[in-house]
Every structure is written in structure tokens, then in C-alpha cells.
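In the two complexes that follow, subunit A is the common piece, with subunit B as its partner first and subunit C second.
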Partner chain A sequence: MTMKTEVSRRAVLAGTAAGTAALAVPGVLRAQTKTVKIGILQPVTGALAYDGQQGQIGAEAAIKAINDAGGIKSLGGAKLEMVFGDARSTPEGGTAEVERMQAEGVVGIVGGFASPICLAASQAAARYDLPYIVDVGVADSIVTRGLKNTFRFGPGFGMVTKTALANLAKLNDEAGKPAKTVVLVHEDGLFGAGLAKLMQAELPKLGFEILDTIAHPTPARDMSNIALQIRSKNPDLVIPSSYYGEFALLARTMQQQRIKPKGIYAVLNGAASNYRFVKEFNEAAQFVMDCNHWHDPRKPVAEALRKQVEASGKFWTYNIPLNYSCVGLLADAIEKAGSTDKAKVTEALAASTYAGHIMPYGPTKFVDGQNQGGAPVNTQVQGNDIKVIFPSDFADAKPVFPRPA
Partner chain B sequence: MFAPDIILAAVLNGLMTGSVYALIALGLTLVYGVLHIINFAHGATLTAAMFAVYVAQATLGIDPYLALLPITLLFFGLGYIVQRFVIGPASHGEDRNILLVTLGLSIVIENAMLSIFRSDTRSIDVPYAFESIDLGFTFLALPRVAAFGVALLVALLLGLLLTGTDTGKAIRAVAKEKTGAALAGIDVAHIYAVTFGLGAACVAIAACLLMPTFYVTPRAGNAFVLVAFTIVVLGGMGSIPGALLGALFIGVVESLCGLFFGESLGQIGIFLIFILVLLVKPTGLFGARA
Partner chain C sequence: MIRAYGPALALIALAALVPFAVSANTVLNFVVFALIIALAAQGWNLLGGLAGQFSFGHAAFFGTGAYAAAILQTRYGVNAWAAFACGIALAGAVGWIIGFLSFRSGLRGSYFALVTLAFAEVFRILANASSVTGGAAGTLVKLDVRPENFQFASRGAFVWIAVALVGFVLLMTIAISRSRFGAWLTAVRENEDAARALGVDTLSVKLKAITLSAAITGAAGALYVQYYLYLDAGIAYGAWISVEALIAPIVGGIGTAFGPVLGAVALHVFGEVAKAVAGGIPGIDLVLYGLLLVATIAFAPDGLMGLLKRLARRKAQETR
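Showing the complex of A and B:
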């Protein structure tokens, strides 16, 4: 009963607000080409600014592509209009921007990047039944809270780890099981520590012996001690889960200390599938493998976008195709709904079978907000390029493992 | 338990990291000793200098070690100008105003870097980055050994400058008693600016020594300055030998704590020492009584 009263009170409020807005909007606006506002939320200042800026590139490219192709056809060619919000690398920052976007009348929000931001922002959006599409945030709790408005296009933590471990076992088996011992290196936050815990439980089942688990803070000024410990343990494999700066330092220090394990197999690593790393530390980056988000190299749109990004002097990272695809997904839902009504767009998202994205996922299918096709791929740095080595049906290179001495 | 050679290698690593801390702490302690303020812009200045080294290498192709002299002079000049024409006039004779102005400056510098270079992590590739000295039980990275040598040399030169030259004597006079120094005909505003310039020059040298093995982001400097502040307190506010020895000590403590308690807890040792010093000898190891 209480629930019901609350809902109707909200509906009344919403109705009043809409009525007031309609009164306030002068006729001039209605005469112009209709636009549909969508919210793009990224952390473009603070600690996560680099990732946020990369995500923004993808989202803007998608909006431009959709508008150039005639906008939302079911709404008479209405153009998408971006309402950009800076999450300032904090959950509070994300929440504040969601409130502002709601006030500006967006139909849905895409982005968030980090799990804590995605958790807080999608919750804030849920209060307005505002559709929220998570671009990257991998924490499994994002889609297990039962929020009807929240959709994650990419894979979650559990899925990534499962794939990473399965592919590692496959890689090792195909090479004749050269790797038996492992040292885990991880950053000590939610992401790195959580991943290390899963690895510690799962790796022994696959026949690997964990010699040591080394945690480090972010930012770390020096990786020499970690390199020393790795050398004293002399593992076959090093599995690092760190952000960009720390992994770059570790890879450099390992090379400088002449530590050459048979393989470096990163999971959701900040550097291992980043072209900046490949360019600036080419020697140290050789044959580093990663299990991470990656675009589908078979799709011409993806490759064209990549060329366009690289031509503008930016580096290609997974944030770009993920956000490009998520914006496409939202636009597709608005198209199918034929309306900017939030409930109808949410419904269209839940029933979405969007195939126009540039990730290797197949058409979207959401179960409790999680896209079932979302999966990571394995990449490896080979020469000056980052190649896909798994899954084999669209891999553009064979894995080099163990790495040549 | 770790083998003795690993512990020895960790101590050497700590000394080399500590030598870079020393340069940053020297600048901080010098400014504190003379102007009696904590320079909050110190971290941002370090970041700016690191970007200067990056730009010199990436766009002009100047090696960080060759860039050392021009960048150091440039930052001395910038430090001088900023103190003489911005911080000094804005302070209106009140020390706490200087504090706020440096805080404001740090915000301006950091955001300027963010807007110019975006939040990207950048590093430079130099041919000798992976050169190392083989000690049998460990490899010492050549750029870090060079940093150690240069840092000791700079500390020595700074000490000589303060004790042996007229400018140094004037700096010490102003530090002790600025009214008296002014009465003796010393241009206090000039000496303040020279000191601030020297502080900036120290971080510029640190930046040149860091960049061959480190990376830079618009927030990179802050990680170093917090440690440098601990060192200044440990060594005694305003003390040059205190800053040098404190830095080497803190470097080794951090390295060993990292090895034994895990890298995440490496900083605990530093801050435990910080608290102990504040409790037992608040003036620091080499500090004069306030």
C-alpha cells in the first residue's frame, strides 16, 4: 500500500513538472529540429582522467556517426545531443552529474568507467527510472542489485576471470605445459586485490603452483623490490593486475633486472593492451599478454574508427570502442521505442538485440541487466602492434609462448 | 626470510630512491629555513619540471642529462620571478598569506598541466634506460646510480654555496633574523626570491634525474613531496645535512618495510618514524631549537 501511494505521488509530481516545463517552453523550440538529449558520464579530471577522456572520444564519435546517418529515424530524424558530465573520478562526482543530467532532461546515461562510479551513478539514475548503460565498470555487484534501469554491455569481473583462466590453461596446454609456477603481482585496491583472490583460488585447480602474491599501492614510486622478489622466486609466469603507471614501471624494472619469465599474462591490465605502452616501452612490452576488453577486428567500422583516432594523434584503447558501442546501443533502444519516454526506452533496452556495435559480442541479449554475449579477448604485444590471440575464430595472430629468450 | 643478497639489494635500491627524495627535500627545507613557510607548490613545480624534461626530449630530442643545466637555470629563473613578483607582493608581509598563495599556485600549475598535457601517463625512452651495473647479486640501473651521484654532488654544492659565498651568507642571515639582515643592507626581497629559485632548481634537477626511469602525469609530483615533507621534519626544518641524511634513511626504511611487510605497507615505516620524531625530538635530527 505504502509503495502504491509513493508511486502515485511521484507520478503526480512528474506530471506537474512536465506540465510546468511545457508551459515554460516557448514555441520557438518546438519549431526547430527535434533533438534527443543523452547523458555521457566520464571521469575527465582526477586520477582516472585518462580513461575518462578516452571514453569521451568513443561516445562523441558514436553521436557524430549516428547524427550524420540521419539521427533517430522513428522520431523524425531527431539528432542526438550530448549532455556531458565530469564524474571527477569519484562516486559523489558521478552522482552529482546524474542529478544535473536528469534536470536537463536526458533520456538515458552512458558511461561511468570505474566500478565505484558506475555503482553510485546507476543507483542515482534508478531513482528517476533513468536508463543507465555501464561502459566499463566490471564489479559484479553492478548488475546484481536488481536495478531495472541498469544495463552492462561489457563483461563483468567473474566472466573476465573465467575466460582469462580458461585461455591461460589452453595456452599452456597447447605449448606443452611449459609453465608450472606463478607469481601474482597486484595493486592493493578493490580491483587488483579482488582479482588476486580469485586467482589464488582458481589457479591451483588448473595445476599451477602460486609461489608468491605481491601487493603494491597505487601510485607506487619504485618497483625494484617487487622485481627482486620475483627474481628470487624465479616463476615461469608473472600475472600482474595493476594500473598503467605501475605496470609500466614493473615491466621496465624487470627488463632492467634481466628477469625473463616464460610469459607475462596480465588480466584487465592498465598497460598491456595500450598502444602508448607498446610505443614507449617497446622492448619491455614484447610478448606481454592481456585478457581485456577489445574491439572486434573483423568489423570495418571498428578499424575505420581506430584509424581515425590514431590519425588525430590519440592512442587507441578499449574505452573508445566500448563507449562507441554503448552509445549506439542507447540510440538503437530509442529508435526501437520510438519515444523519449524513459520507461519505453528501458523496455527497449531490456529486449534489445542490437548488432550494430563494434565489440566481438554478437547481438545484445540482456538478462538482469547483463549482456550475455559480453566477453573479453586475449591480446599480445607483438612487434609494434597489439594482436588478438584468443578466441581463435577471429584472432589475427598466433600466441608466442613461451616467449623467446 | 629473505636471502642476505636480496636485503642488500633492497638497501641499495632504498639509497638510490632516497637520493632523489633528498633533492626534493633540499628545496623544501631551504625555502622553509629562509621564508619559514611550507611551499605547497613544491609538488606541482616538480611535475612542471618533469613535463619540461619530457617536452625537451620528446619534441626537441634533448637528452634529460643534457637538459639538466638549462632546465635547472630556467626553473631557478621561474622560481625567482614567481617569488619576487607574485608570492612576495601577494603576501603583504604575512607568512600565512604566502602559504595560501603557494597552495593556489599549486592548483593553477596542476590544472594548467592537465589542460595542456591531459591526464595521460607519459615517459621518455632513452638508449641507456636499461643499462645496468652487474654486482653479481643484483643489477643497479645506471640512471639511478647517476641520480645518486648527482644528488650527493648537488647537496654538497648547495652546502658550499650557503657557507662559502656572499649570497649564501646573506641567505643564512635572512633565515636567522630578517630585520637585522635588512638593517645590515641585505635586500631581503631579493634573497627570498633567490632562495625560492634555488628550491625550484632543486626539483628541476630531481626531475631530470627521475625521468629516465620514471613517468609523469599532472599529479606525479605529489607522491614525492609528501615523503619529502616527512624527511624535512625528520632531518630538522631548514637543515641541509638533515635533509640529505634523512632522505637516504627514509629511502632505506621504505625499501626494507616494503620488502618485509609488503609494498602496500612500505609507507607505514615512514610515517611511524614521522610520528616518533614529532614525539621524541620535535626539532628533528639536525634541527636547531625554534
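Showing the complex of A and C:
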């Protein structure tokens, strides 16, 4: 019990300090503030640990870059200070960390990764009108709840599926319509099941025949049965929506059993645009296409960051540029607000036209918290690299479809 | 009377003072979560501890309470407080049905445990696939902070509600263990055949126990959703809550009234302390937490209540 009162006393002190700071006259604040605290929330333990760690890399790199470039200039060069929280891959873990970050006096929070964490954490932040920028979470409900504090920089689920379907039709048309039949493989959670449902409704309209829809749980340890089902249906195209482990397993099993459809077209797949997959299962990964978040290869900062990450022995995944950009977005809003006042930062975010990010989106424009420019791109594994094949104005490779036998 | 209920009342009064003593929301948030787990654990303890029917699937009740409370509000516009009550009732009903199906066919011990586990899994898969529950996208209760919506601006209000619920169940558990029903439960736990031979209607006793147990754990689920406002199949019917509900009484002291509360609070305080001590490396606090758990089980096999009793006895002997 004594321990508890000690913790609370300290927390109360921290809270009071933060409160006084926030209430202080802006002029005084400007003179006194040397650092601006921002919250970085990622699931670095539990089932989503890998993605969380990748997100953390991006956020840390952005904070370092901003601080090296002179911090927040409108606040007299105040440096960003990271308050990191481990969401433990659960919504209540995320909520607990939001409470702590609020007590430590952060100006805004970036991250969450998975939709359930983003939903719960942004709601907890909304109680304090604390700005919350979603890094990945694609559930459409994140931005349709009418929360004023919540912003999503990347595309939501609806946008991703729309793009994925449009590009699939284009890809098939340009290749002379080699694909007519499809088998859907999806994980039975939020994004896999939702995606499969949309695909089932939309693919027939585009002239594809769905031969089968196969669901699997996450985690799944064996994909042989699914591979055998695919073999028996012999589709032209396999559309998988799974997390990293399951898709890597499926791709490898298909390769072992020599199941070679004309193409594998993944949507928001955990593996298909992940260099770890390309490196560890290169043969199985060849010509796998994905529609996913991806950095803008035309931007030098993006490529430099990628080199830097790879030089440190880490794999490049979309979490890194997304978090890098989201931290940049928050810093830009603080810069524009010229204040650490939460309401002013929220206002600056809502009016944001931030173009310094490294995603292929153009300047930000938020409508009801959703960045209108946020869109996925299509990638394809070619050799040892992941190439952008759509949209064509910044694609760095031509799609290889149908894949060579 | 005072000897039986005094400590519980004192504890409840003390817990109710927490929101006055502490204003940090971080701490209050922690207290609410620990109490939600304590409530779920109290439910488990009634069936597993008092009646000796170990369940591995209390998630089935937690999830039913939570989903009912959430869906009635979001889909049918039922008042949040009424939805909360319906959630408890429905969880109790599910408890009765599962109990009826398994106890009637004479399932005991590990077979009963496995059946409850299976029920929870089936519920999880159904909730994940059904459109009523929002499928895999889950159910979101709209953030609308008004007392009539069972949503409060201050975390302190939630602490009071959680304390009231946990306190009520605590007193009820003490009352049950002092009652004739409590004696029947003990009889069923110690030797079911002997109990039946002595004229105890074991089926009815076990059914009452599982219904009550399910309702209590369902209340924890309904409170969870009211607090976090988001639910998906993995949260509602996931194995995590079955494990939490079972491990808290084991650590605290199976079959005792205070055990589940003590266990849940101690475990989560352990967790927080480990987090504060560890810092730096992600996950190291979980390792520390695991070690503490092992140490507790190793040195206090009867749980913390057992340990306290042993210490008290030793002290009494020393003073003699």
C-alpha cells in the first residue's frame, strides 16, 4: 500500500506540473519550454511485437531528424522528447499507456498500429482532447466516430480495397485478361474477413469467377490443407489477405507443392511487401504482388531512411515510413500552432497541408480526420527487390503478369 | 457478524476512498482494470473455488455480458444501465445452459474444464463470424460522456462502480459460505457422491453455482465494455480472460472470499511495478512478472490468503 501512495504522489506531482505548464501564459511558455513531449504508442510485446518495433524505428528516426534540423522553430527550437508506451498488443494496454502519456504531459500521440488498439487509445485520448494520429489502423470506424482529436494519415480499409480492385482489373486488362478464376484466402480477423466480404461482392462485377473462399485463423501452423484446396480448384489467381507468418507459410507450401497460379495478388498482406520475406523465402516470393502502404521512392529522404534502416541490420517495412511521416505531421502541426496547447495543435492538424512526409500522398488534407490523399500502392517482388508497379506515375518497374512458368 | 463481515466492509470503505486520495488518472485507470479482473475472478471462484468445478472457459460468460451490454446499446438503443443489467442476466442464462448441458451428462473435473473451454472457443468463432456482433470488426460503443449513458468524465466514478460491484460480490461470497447453500457447495466440492447420498441435490446446487458465477463474470464483461467502449471476439471470448479469471484466485487463495480480489490486485500491482522497474528493453517486465508469479506459487501454494494465515499463526505461536 505504501508503494501505491508513493507512485500516486509522484504522478500527481507530474500531473500538476504538466497542468501548470499548459495553463501558463504562452509568452512565458515560449521562453521556458526546451522540450516538447510527444507520445509514441506501439505494441512492442505480444502478438504484434514485430510491427510495433518497426513502427518505433520510424518514429524514433523522425524525432531524431526533426531535432537535428533545429527542433520546433516557432517554439524557439524546442526539441521533441519521446514518451514511449508499449500497447502490449491489446486495447486496454494501449489505453493504460495513453493515461500515462497524458499524465506526463504529451502534446499529442502517434501510433497504435492495429485497429482495436487505435480505436481504444484514440477514445481514451479524446477524453483529454489530446490529438491522436493513427499510424496504420485501417478500420473505417476509426474516423467515422466523430472524434475531433483523431486523425488518420494513411488510407482506410475502403480506400485500400477500392484501389486494389481497380488496379487488379487494370493489371488483368493490360495483360490481355489471362485471369478469370480466383481463390480467396484470408485470415478470419478484422481485415482478412472484411476484405474477403468486399471481394466476394466486387470481383464478380469485374468479370472474375470466385472458385472458393478459404478462411484460416491467426496464428495458423500448417497451410498444407489450404494449399491442397488451391491445387484442386486450380485458379488463375490467388488473393491472400493474411499476416506475415501465415502468408510466408502459404507461399512456401505452394512452392513446395509446385502450385503455380498465374499470379498471387495480395491485399494489405503482412508479408508480400516485406523485405524479410523477400530475403528469407526469395524463391517463394517471386512475382507476388501486393496492394499496401508504401513509401514514395521518388523522395530522397525516404530512400535515405531506407538505406539507414537496412544498414542497421533491420528490414524495411511500411510501418517505418508511415510512422516517420506521422511524427513529422504532428511536429508540423505543433510548429504551425506555435504552441503546445492541445486545442491549437488539434486545430492545426485539422487544417494541415503537410507535404514534408515520405509517403506518396501529396500535401495532407483532413476531412473528418481522414487524410484525403492517403492511398495504397501496388508492389511486386522482383528478384531481390520490392518494386512499385502502380500507380504508373512513380512506378519503378513494369508488372510481371502472368508470372513466367 | 462483525467478525465475518468486518474486514470486508473495512476493505470496501478503504477502496472507496481511493478516488479521494489519488487524482492521477493513470492510477485510477489501473485500479479500474484490476477490479474488472477481480470481479471476473470472483465469479470463477464461486464455481471453481467454492463448488470445486474448475472452468477453463469463463470467457464465455465475460464475453456474453460484454457483447449483450454493447449490442443492446448500439443496435437496439437500450439505455446503457438497462443493457448492463441485461448483460448480467444473459451471462447468467448462458451459465445455466452450459451447466445444464454438462452437469446433466455428469461431466466432472477435467472433462468439465475441457467442455467450458470448448464453449468459449465456439462463442469466439461465432462472434467473429456473425454480423450481429460486428464480426471481426467488433462493436464500438459511442463515446458520449453522460451519466445516463453509464459514461463518466472522471475515472473516479468508474472506480466507485467497480468497488461497489466487487464489494457486493465479496459480501455475497461471505454470506454464501456461511449459509446452508455454502455448506452444500462445500459438500459437492469435497465429495459429490457422498453429498448426494446425504440428500444434497447436487445438480441443482451446481446449476445455481454456475448461474451465479456466470452472472458475476458477465458483470465484469459488461463493465469492461462500458469502460473501454470497444469489443471484438478476441477480447470478449479470448482465452486471456479465462486465464486471468482463473489465475487470480489461484494466486490469491482458491475458495476464500478475499482470494480473487487480493490475487487480481496483487498480480496487476506486480505487473505495474515490474514495468516501472524494468524500463528500457521491451518485454523485460513480462519476464520479471513471470518470475514473481513462479515465486508466489512456489512459496505460497495456498495463495496469498494461505500465506497470510500461516504468518498470522506463526506470530500467534511466537507471542504465546
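Definition applied: the second predicted complex is superposed on the first by the 372 of 405 C-alpha atoms of A that agree within 3 Å, B and C clash if a C-alpha of one lies under 4 Å from a C-alpha of the other, contacts with A are read in each partner's own complex, and residues count from 1 in each chain.
Please note the rule applied: contacts are C-beta pairs under 8 Å (C-beta built on N, C-alpha and C of every residue); 3 or more make two chains touch, one makes a residue touch a chain.
All values reported here derive from a predicted model rather than from experimental measurement.
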Partner chain in contact with A:Q53 - subunit B first, subunit C second, else both or neither: both
Contacts of A:D393 with subunit B and subunit C, given as first, second, both or neither: neither
Partner chain(s) touched by A:E92 [first = subunit B, second = subunit C, both, neither]: second
Partner chain in contact with A:L147 - subunit B first, subunit C second, else both or neither: second
Touched partner set for A:A126, first subunit B, second subunit C, both or neither: second
First (subunit B), second (subunit C), both or neither touched by A:E280: first
Subunit B versus subunit C as contact partner of A:R258, first or second or both or neither: first
Which superposed partner A:A139 touches (first subunit B, second subunit C, both, neither): second
Touched partner set for A:Y244, first subunit B, second subunit C, both or neither: first
Contacts on subunit A seen with subunit B and repeated with subunit C across the two complexes: 44-45, 49, 53, 188
In the complex, subunit C residues that touch subunit A: 21-27, 29-30, 33, 125, 128-129, 135-138, 140, 142-143, 145, 153, 228-230, 232, 234-235, 240, 269, 272-273, 276, 282-283, 286
Partner subunit A, residues of subunit B touching it in the complex: 2-3, 6, 9-10, 13, 17, 114, 118-125, 129-130, 132, 138-139, 141, 213-215, 217, 219-220, 223-224, 227, 255, 258-259, 262-264, 266-267
Residue numbers on subunit A that touch subunit B, as the complex places them: 44-50, 52-53, 188, 214-217, 219-222, 224-226, 228-229, 232, 244-245, 248-249, 252-253, 255-258, 276, 280-283
Residue ranges of subunit A in contact with subunit C within the complex: 3-5, 7-8, 11-12, 14-15, 44-45, 49, 53, 86, 90-92, 95-96, 99-100, 102-103, 115-116, 119-120, 123, 126-127, 139, 141, 145, 147, 188-194
